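The block underneath contains the structure these notes are about, expressed in structure tokens.
A, B, C and D label the chains in the order they appear, each numbered from 1.
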């Protein structure tokens, strides 16, 4: 099960985790990353035609390098309050190293390759050079 | 909030995640690792006096290197069926790199430093050299 | 005809999220941006600094020397900040 | 007196998870294991291969040359496999 969803709706991490856990008796490791709105509310804009496709491509790329049994990526858009979840990346594998590496790599790729933009009350959030470096570091590993 | 629990009871990841998310508006990243019983049932034996203390020590060590806002580690013992959760490691940070690194490092340390033993129907599970290597690799980073 | 999409502050400065323009034939993204910059002061302001812009052609990130042709969907936006 | 705890297959081979023994005074963990190995065939079998064993003194992992004294709690077990 490799799923990508782009949605304005909240998501239920526990539900998604249960679905990955149910994939079979060889699932030994589940890693979940949840990104929350920090400090101030955010308006998240996205490119509807491209967003899901870009995330799917990132997922395909990560899957070529990690032995995953399943993965779910959910990215929200719209107006979100502080503390609300923005993004969920969840991976299932036999062993923890693959689940951890895949989830982390997925997040670093999403940050630089998925067409989403954040607007804070103070203006549009600038892309961070640290995100570009984090993305680039995976190609060396 | 930095919590360690050693228990025979199941745990509720969603509940623990909600507690970490509620730590404050500076929580931007939550990483959760859940280890599940894979392939066959397991009896998990532990050293009651030492287990919680060893995990606490691991958590203290990881916290010196990662900017965590909170962490929860739960390790179960007793007879567990395939698919049941054994261990939960959950970290909260401002940024994803700290949350990911801390959770992964916590798991690698737990594997080699927390006094738990697994018995499968075929006998006691042997320690894996790969776990020792994973643990050792963190000291170089 | 090319369908143009703008996002984030590029959209705000241009004043619309979508427009279509006629192009004579194939051209580079760079040439297209030059063409667009002449359409209004808002376009000019939004498209002035190419280092702050990224583009996609038909839902794929594309470099400024990529070719675009009538029928393509071209999006211009700031570096992404999702996740 | 020293309190001894055994876990996993060490416990199974020795046939008990806990016992106490009198020791004359301070000694090394290595000496203690030698002493214990003489108590029964089960002890001897469990403690024969030190490379397969680990130990803790008062809830801290300890090397074989660590000193133990009356009043200490000593645990002997296989390498851990939790997580």
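In this text, contacts are C-beta pairs under 8 Å (C-beta built on N, C-alpha and C of every residue); 3 or more make two chains touch, one makes a residue touch a chain.
Since we're looking at a predicted model, the values are computed, not measured.
What's the chain with its C-alpha centre farthest out from chain B?
Of all the other chains, the one whose centre lies farthest from chain B is C.
Taking each chain's centre as its mean C-alpha position, how far apart are chain A and chain D in Å?
Comparing mean C-alpha positions, chain D is 48 Å from chain A.
Counting only Cα atoms for the centres, state how far chain A is from chain C in Å.
The computed centroid separation for chain A versus chain C comes out at 27 Å.
How many Å are there between the centre of chain C and the centre of chain D, using C-alpha atoms for each centre?
Comparing mean C-alpha positions, chain D is 72 Å from chain C.
Nearest whole angstrom, what separates the Cα centre of chain A from the Cα centre of chain B?
Using C-alpha averages as centres, the distance is 22 Å.
Multi-chain contacts only, two chains or more: what residues does chain A have there?
35, 107
For chain D, give me the residues that contact two or more of the other chains.
Chain D, residues with two or more chain partners: not present.
Can you tell me, using the touch rule above, whether these chains form a line, ring, star, complete graph or other shape?
line
Show me, using the given definition of touch, all chain pairs that touch one another.
So, checking each combination of chains, I get A-B, A-C, B-D as the touching pairs.
Quick check: in the complex, which residue numbers of chain A touch chain C?
35, 44-47, 49-50, 53-54, 75, 86-87, 107, 110-119, 123-128, 131
If you look only at chain A, which of its residues touch chain B in the complex?
Touching chain B: residues 13-14, 17, 21-22, 25-39, 82-83, 94, 96-97, 99-100, 103-104, 107, 134 of chain A.
What part of chain D is in contact with chain B in the complex they form?
5, 7-9, 11, 56, 59-61, 73, 75, 77-83
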